[in-house]
Structures are given as C-alpha cells and as structure tokens.
Amino acid sequence: MIESFAQLSEIQGSHLVWTLLCICLLIFMQLGFSCYEVGLVREKNNIHVVMKNCMGFCISMLLFTFFGIVIMFGPLGSMGAYLHSIWFENEPGELVFIMFHSILCATTVTLISGAVVERMRVRGYLTIAILTSVFIYPVFGRLAWGDKLFSDNPYAWLGALNFYDFAGATVVHSVGGWVALAASLVVGPRLGRFGTDRQPIRPSSLPMSSIGVFLLWIGWLGFNGGSQLFLTSTTPLILFNTFLSGLAGVISAMLLSYRRYQQTRVIHVMNGGLCGLVATTGGADIFMPWHALVAGAIAGVFPSTFQSWFKKLEIDDGIGVIPVHLVSGIWGTLLVGMVIPLEGDASRINAICIQCLGIFTAGVFAFGAAYSLLSLINRYRPLRVPKSGEVIGLNVWAHGSSTAMLDLINQMSAQAELG
Amino acid sequence: MIESFAQLSEIQGSHLVWTLLCICLLIFMQLGFSCYEVGLVREKNNIHVVMKNCMGFCISMLLFTFFGIVIMFGPLGSMGAYLHSIWFENEPGELVFIMFHSILCATTVTLISGAVVERMRVRGYLTIAILTSVFIYPVFGRLAWGDKLFSDNPYAWLGALNFYDFAGATVVHSVGGWVALAASLVVGPRLGRFGTDRQPIRPSSLPMSSIGVFLLWIGWLGFNGGSQLFLTSTTPLILFNTFLSGLAGVISAMLLSYRRYQQTRVIHVMNGGLCGLVATTGGADIFMPWHALVAGAIAGVFPSTFQSWFKKLEIDDGIGVIPVHLVSGIWGTLLVGMVIPLEGDASRINAICIQCLGIFTAGVFAFGAAYSLLSLINRYRPLRVPKSGEVIGLNVWAHGSSTAMLDLINQMSAQAELG
Amino acid sequence: MIESFAQLSEIQGSHLVWTLLCICLLIFMQLGFSCYEVGLVREKNNIHVVMKNCMGFCISMLLFTFFGIVIMFGPLGSMGAYLHSIWFENEPGELVFIMFHSILCATTVTLISGAVVERMRVRGYLTIAILTSVFIYPVFGRLAWGDKLFSDNPYAWLGALNFYDFAGATVVHSVGGWVALAASLVVGPRLGRFGTDRQPIRPSSLPMSSIGVFLLWIGWLGFNGGSQLFLTSTTPLILFNTFLSGLAGVISAMLLSYRRYQQTRVIHVMNGGLCGLVATTGGADIFMPWHALVAGAIAGVFPSTFQSWFKKLEIDDGIGVIPVHLVSGIWGTLLVGMVIPLEGDASRINAICIQCLGIFTAGVFAFGAAYSLLSLINRYRPLRVPKSGEVIGLNVWAHGSSTAMLDLINQMSAQAELG
C-alpha cells in the first residue's frame, strides 16, 4: 500500500495548493450543512443539530482515516503497513489523499443527519456515523472507486466495468441518501408530523438555511474541483459545470414554485439548487456545460415533486435529504451513462446499463445494510429519544442547553394558558 | 472571439489556482451581502432578502455568461462562434475568464438589491437583475474595459482614452450605485420611512450584519486580488492595500462616530469599512500603501455624512448602498487620476479629467438608462409590492414563509392590544 | 531590514498562492471568534462583541504593521528604512510577511477579548489592543521568534536557546491567555456572576457559537499551514495534525462530558475542540500524527476541569478563554519539548527545560506587563463600564443599538411584572 501512494507524492506546487484549497472548501460544506439544518429544525433542536454534526464529523473522519480508507482503497491485509505509514512516514501525497477522502466520508455521514433530525438520540446518530464510516461507505466505495489507486485492486467490481462516478453522485450522495432513508424508516416520523394530531413543524430560521445553501455551494467547488486530486486543464470546466447546474436548479425550482403557488417557496428553491449541485457531481469533468444546465434544470423539480409524494407515504425525511441527495444522485449517475464519451466500440446502451447497475447495487447494498443493521440495533438500544425528550427538544434533553428564544416561547405559552 | 482567449489559455499552475481561489472568495461576497442585508432589514423581510439575492445571482450569472460577456468583451457579431465555444470547446482560460466576470456582474446586481429592500417585488428585482446583466453593466463595461481582451476593440472608448479602473470602482460599484439610486427613486421610500407617520425601522440582527461585513472583506480579497486574472508580483500589494483601506475606513468612521455621538454607532462603522474597501478598488494595483490609507480614511466619513443628507432629500436608500458603492466608487476613481503614474508627457490634469469623464459617463448612462427603463416598466407592471404585502412583510407575501420570531412579535402585539 | 526580506522575495507561484490562501483563512478566524463570542454572550451584548472585535482587529493590524513588526523582527533602529520600504518599495515577499504576522498579532488581540466580555468599555478593550500590538506581543515575540529573519538578531534570546514554538502555542495563545487573565482580574467579574446575588448568565445563541468553532477550525488550517510562509512537503502533515488534534479534542471532551453528566454539554465539547487545536499549534510540523491525537485528547479535558476551578477562585473568564488558549498553549509547548527530534548530543531534559523557560518567561512577562499596565490605567481611566451600562447592556450603552429580540425580552418582563 505504501508504494501505491508513490504516484501521489509527486504532486507538486500548484497541485498541492489546489487540493489543500479544496480540502478547506470541503470543511465549508460541513458548515453549510450545519447552517442549513439549524435553520430548518425547530428552535428546541437547533443546538443539537450542530453538535451532532460536529461530533459525527470528528468520529467519522477519525475512523475513516484509520480503518475506512484501507477497506476502500487498500490491498486488504496491509493494515499493519498502512498504519505504520500513517504513524511514521508522513508522506505528503498520502496525507493529502487521506484528508480528502476522510472528509468526503464525513460529508456522507453529515448529509444523512438531515433525515433523522429532531428525534434521534446522539448515540443513535453516532452509531450511524460509525457504521457508515467503517462499513457502508468504504465497502460500496471500494466497488466503485477501489481501482483509483491500484488498477487491479480486487473487488473494485463496478470500477472495472467502467462504472463512472466522478465525485460521488452515487458513492457519496446516493449511498448517503439510502442510509438516510433506512434510518428515517427505522426511527419513524417525528411526533405530530403525520396523522390526526398533525401540527405544522416550523423552521426556526430560514435565513440561516439560505446562508447554508451558499456555504454548501462554495463547498461544492472543492468537492467537485478537488476530486481529481490534481489541478488539470479540466478543473475550470468542473467548476463551471458546478455553477451552471446549481443555478439551473435554483431557476427551475423558482419557476416551478411560482407557477404552482404564485410564490417562490423558500425550501423548494433552496433544495432545487442543492439538487442541481448533486446532479452534476457524477460527471462534472465529462459534462459539456449544456449537460450541466440540463442536469440542474431537471433536478430542480425534484424537491416539490417528491415532498408531496413522501408526505403521502408518511416518510418523514426531516429537512428533505432524499430528493436532494438520493434522487438527484441517481439522476446524475444515469445522465453520465447517457452522455459519457464512448471508447472504442462500446455501446451507449451498455454504458447506461452499467450506470444502472451501479445505482441498483448502491440501493440494494446501502439501503439493505443500513436498514437491517439499524433495525437490529434499534431492537436492543433504541435509536430514538423517548417521547418526553422529543417534546422538550434535544437541546435540553441531550445537551442540557436551552436558548433565550426558546425560553421566551415557553414563557409566552405559559402566559397564554394562564391568560 | 475564440482566438482572443488564446493568451488566457496559457495560464498555468499558480495563476490558475490563484484565480480559482479568487472566484471562490467572490462567492463569499454574495454570502456577505446576504448576511449584511438579512441583519439590517426587519424580521418580516429577512428571508426575502436572501432568497432574492440567491435568485438574482443565478439569473445574472446565467445571462452574463451567455449574453453579457459578448456585449462587454466580444467582437460583436461573433455570438455564434462564442456560443459554440462555450458549449463545445471548454477552453480552460476562457472558462476562468467567464466565471470571474460573470460573478463580478452578479456582484453588481446584488449590491443594487440593498437599496430597494423591504418594498420591491421579487419580479421587480429580477427585472433589475436582467436589465443590469444584459444591458447596463456590459454596455458601460465595454466602454471602460472592452479593450481588456482586444486592444483595438471598437467602442472601448474610455479604455482607449486611458481611463483607469482596476477592479471596478466605477464599472462595478458606481454603476451599481447609480442603478440602485434610480431604482430607489422609482419605487419610492418604504412606508413609514419619512413623513408624519414616520416610524423607526429597526434592523433585525446587527451581529449578522457585522458578520456580513467580515465576509465581504474576505470576498474583497478575491475581488481585487483576482482582477488581474493572474498571480503577479503586484498581488501582495493589492491585498495589502485592500486591508489598509478597509481598516482605515473602520477607524475613521469609528473616530467620527465617537466624536459626534460619544458612541461607536454600528451602522456607521460597518459602512465606513465598506466605503474604505470600495475606495481602493479602482487603483489597488497602482496605489502606494499610504494612498490606500488615505482613500479609506476619507471614505470612512461618507456613511454618516450622506445618511443625514439623504434623509433630508427623503431618498430611502434601504441599507445605505449609495454612500458605500456610489460615493466611494466615485472618490476612488477620482483618486486614481490624482496618483496614477503618468506615462511619457501625459499631464496630471489630463489624467484627472479622463477619470472625471468616466465617472460622469457612468452617471449619465447607468442612472439615465436605469431610471427611464424602470419608470417605463413600473408604469405597466408595478415594481413595488402592494401596501398590504409591505405591511405583512415579504417573507409571507412573496415566499409564504414566516419566522418563529416574527410570529412571536405578532402574538405579543395581539396580547398587548387585548391587554 | 530591507535586505532581510530578500530571501522572502524569492517566493514564487505556489508558495505565494498558498501563503495568500492562509492569509484569507486567518480572516475566517476573526469571523470564527466573532460568531463564537456573539453566541456565548447575552443578547444585550451581542452587537458589542462583534463591533469591538472588528475595531480591535483594525487597530491592531494597523499598529503592528507600522510599529510592532519592527519591534518583533527588525534590527532596532532601522525604523526609518523600514517605513520607507513599506511606503515606497512594495516588495512582494515583505508585504506577505507583514500581512501574515500582523493578522497573527490581531488574532492574539481578538482572543483576549473573550475573557472580558460584557463588562469592559470599548475604550478599555482598544487600550488592551494597543498595548498588546505595540508592546506585549512583539516584545515576547522577539524573544521567541526574533531570529526568524536574522539568525543573529539581538534579544532573540529564547530562539537562540532553541525554544521551539512552531505557529504560536506560546507566542500567540499563551501570551494572549496571560493578558486575558490579567485583564479579567483587573476589571473583575460580571455583575451577578458570583456571590450571593448570583444569576445564571445565559448564552444568546449556541448554534452561532458552534458555527464559530467550525470557522475557527477552518481558520486554524491557515494559522498552522501558513506559519512556514512557504509551501513545503511538511504542509500536508501540518494540516493533518491540525485536523487530528481538533477531532481528538472534540471526542475526548464529548466522552468526558457524557461520563460526567450523561449529556454532551455544548460548551465543553466546543471548547474541547478548540483546546485540541491550540495544543498542536506549537509543533504541528514536528509532531507525528499520534502526537497530535494525544495532544488533542488530553487538551479536550481542560475546559470542564478548569471551569469549575475558576468558579471556585471567582475568576470570571467570560467565554472560557483561559483553558483554551493559556492552558492548552502551555500543554502544547511542553509537549514539543517531549517529542521534538533532538539534534546532535542535545538531551531531552534540556529540551524540556528550554520549553519550560519559554512558558515561564511568557507568563512572567505577559501577565506582569499586562497586569501592572492595566491596573495603572484602570486607576485613572476606568476600563469597566459603569454599573448602569452593564445592566442595560453594551449594545445600547456603547453603540446605541438594540435588538428586536432584546426589546421583546424587556417587554415580556415588563408585562410579567404588570401581569
């Protein structure tokens, strides 16, 4: 394994600065997710969502650095050599590779969190973080990307079939989305979300969420731009495609929302932009700019469409993770099959089928593994907070913290009742 | 046009990384404007301002990429070749140039938004975004900067006369400021801003605005630092000047505020810093550090001075866009004439006159075009929300969203009335 | 002095871009401190903390640029040559050096602010900023780092003894921490913090603080990563160590908090992460990754430990600056002595003693100078706001600003009393 990083150690100057910049931008993605979720949950859970993102990020990055990365990229069995290399060699290219990919793994974990907000225990979320970082993400990642370091890496099955997923439309976003769906089904919907005692769940601060979208957008430039781990002549195209698909998502969601409601609904427009960004992740380096525009414009309609569908199915997707990451991830991966330049006498149908195979495998494996493992764990150690904890809010229940605003609201209600 | 980008395609390594970094920083400017405006408007409009900035950014960037850039830099008539190049060639230098300049255009649009907050329809604002991106900004931009790509570009009249505007003190800030002034006059002041039924308009969150100022400052490093589209030995000087003028603006506004009110008034100090940053935009690469200090220190007094003047004239400039972008932009452009190194036997008077000509042309063209077009549009499709929409707030009226805080305030008022 | 920068002027391309990127990241640290403090103070002081950080940053950067840097790095007596060089030469390497170190100085000033929040006058805080920027920071900085430019620089006493402080565990964090302790003792605790009329001091927005921690983390990548002022093959290791120590701090604080309270207390976890980040600052380039993990894991227990200790001593450390910056800074500096590779026949004991000497000198000089000067100033011009100002809050008292939220709280209380 140690030798395998040798090629990376030759990265120099500009390559190194660019990749380090992308690593910094990836951290803004964590910030973006936190702002986005803080704004969309109720006041009584807003501290909790940042805390769990922060702790999940740390645990995921640590575990992936020491275990996940070997499972995902390593010649299995070289754990000892690998750990020795991490501890004692400090090879620059290797460290850059590890940092980038461990933050990518942490991104997958963080995006899951949005689907189970306001009702899952911290312990439950950290369990998901651990399962994802050492098992679900690296195992599927190996199937798809395992040959990124060693072209003859065993078990890099999808990669060997020419399954193409540039920066992780499937590996990061769909896999995360499937785990999110499984976790959401296992813990069940929030109290009062569906049924007869249904009450509106009001976001605490949409401006904060919108700011989160901008931060995610900034982070996405590093997410896509850094995925080559080199600065290449394709890098500007990757960023340009990222911009185009994001703005196409915003504009198409905006037009759809205006047409339907004569209003530009905030959550649809914001999620539309994120759907656009996800949609281009799978092929940002091979898309022509107009592909990115089309990818984004179509993805922009997912949030409003799927939101009502999920409502009917009584799946409580928290802040709308599934349309953004799962559906757009599938769409982006599929589009890659439709437009990827074919080599030799490869057929278009074949390319599309391979992409479908990857999409399907991700679904079966990630959803299956997450659903069965979480159900099992849930039986012995419940993932969900007790009812009283959910009512009082996770700020107080899990972290012993309240907000001035929340106290005020409670005071108000008390006053109103006393009347 | 395609050939014209050939020189840019040679950008390599460090140049590319630096310019891409500056593009990322420019996006922080969008974030900064949003935070700044969110904090300064009332609770009932805070979601609206982020939403409109986000949608305006997307529309502006899209339109400038496909139309504005040809109007601004292209040999007119080569639209076909240009579009072909965008769609199919993916030339790195070209894409970097397009991204940087389209975000610059979107910055111009976003800065306008601050002047018309809390009363303009989303449709009205997007109309301004469209007019600015495909007409006002690129047409004036061509006069001043049209020879940046082709030295013999027709109609680059001011550029040919050696009008100097490094990163856009006039092209971006003054032009944006003039459009903002025109738009503000066309839509009129907010209800209760002036006259006998005057009520204080209270910012919802000044800490958020102050954070926005820091973000704008960070963005400005990319705005000025990237305007050469290359990394040069002048780059550190440009950043140093940007820092010095910003801090001189803060310090001079702080001293003035303390002298006048024995308090350091938040809005004066924040706007003072922004005035300082604008003032150095026109000549960040040719200023000596002490020019930047003087530019910023003088600009720092504009906010408090012009605020009271505008109050007297009953011009409702929303969050104080005119002193920051228009007045400081003019001051910065003028200062360039006073200190720019003269070539050959050019005279100082001449240099100053050319700068004045540019300032004057920007005023006549940008204000004239914006005022007449917006007045015309306003007659047929009102730009302003109906009175009820303004009273209830644009969060609810335009986006169907409310905030927990706003509801609480309303509840409070209701309680207070019931007594 | 001018010649001394010659070596730096050879920095090219990647070195320059990397260092400029780190300078941008350092500004995010300012943003992070502001968000962090805004969230932890009470609503009535939240505007004040951002304002004072902003003004302190500007004054500190200006003063360090013109005076501090000569005191810290220059051959004393060359002030004239140095100022000439700043004003007229615009040497790129010199400007980069000045920008990086002046922002480092401003960081030291900003970290002090957290200890004296909610009770110190703006004038008092700016006095600390001035004293620190032109005296305390550069004088100790000269002892430790004065030979960074000239190896034979007089008075670079600790540096000559091989005292090692990579990015400022002592020079920045401990020195700042000592000044913070001194200032906290001189102004005394907040009203109602201790004693019989003790009332809980409730943070206004913990989500904002958590976001601040992420921003600080991002800034730390520039803080540590840029401290070589070059891009080297050690740069990735530096960032990797920074990540590892931060996450180890979060995880150890989380486990400790959960063990003690069955809850992951927000402030402990956040401060634990910051402690981890500080702990690795002194040796990010010489630590093996496991040193960084250990450094962070141990530092993560400081916040909860020292908080209760300080409560007993009735020292009001505002938002918890001392454990984070002072204690972790000392711990990190000490650890450097324990693990730094020894050259020739140097002994381990000797290396540890030298580190202790540096830690001790910083304590005696920074605390002594700050305590005596601030006590003296306090006698003639009180640093603390009058009682009425503290009760009404510094937003109103010092800046004439209120927040909608605060007014609401006051309205509520009034109602409750009437009620």
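Every chain is named by a letter (A, B and C) in the order it is written, and numbering of its residues begins at 1.
Just so we're on the same page, contacts are C-beta pairs under 8 Å (C-beta built on N, C-alpha and C of every residue); 3 or more make two chains touch, one makes a residue touch a chain.
Please read all numbers here as calculations on a predicted model, not as lab measurements.
K.L.:
Between subunit A and subunit C, two touching copies, which fits better, same or different residues at the interface, with half of the numbers shared as the threshold?
P.N.:
different
K.L.:
What is the Cα-based rotation angle between copies subunit A and subunit B, on a 0 to 180° scale and rounded to a multiple of 5?
P.N.:
120
K.L.:
Whole-Å distance, subunit A centre to subunit C centre, using C-alpha means?
P.N.:
Measuring from centre to centre gives 34 Å for this pair.
K.L.:
Two or more other chains in contact with one residue: find those residues in subunit A.
P.N.:
Counting only residues that touch two or more other chains, subunit A contributes 13-14, 17, 21, 405, 408, 412, 415.
K.L.:
Looking at the complex, which residues from subunit B come into contact with subunit A?
P.N.:
Against subunit A, the touching part of subunit B is residues 12-14, 16-17, 20-21, 23-24, 27-28, 30-31, 34-35, 38, 46-47, 49-51, 54-55, 57-59, 61-62, 65, 86-88, 90, 92-93, 95-96, 98-99, 122, 208, 395, 398-405, 407-408, 411-412, 415.
K.L.:
Which bits of subunit C are touching subunit A when the two form their complex?
P.N.:
It comes out as residues 13-14, 17-18, 21, 25, 42-43, 202-207, 210-211, 213-215, 217-218, 221-222, 225, 231, 233-237, 239-240, 243-244, 246-248, 250-251, 254, 261, 263-266, 269-270, 273, 288-290, 405, 408-409, 412, 415-416, 419.
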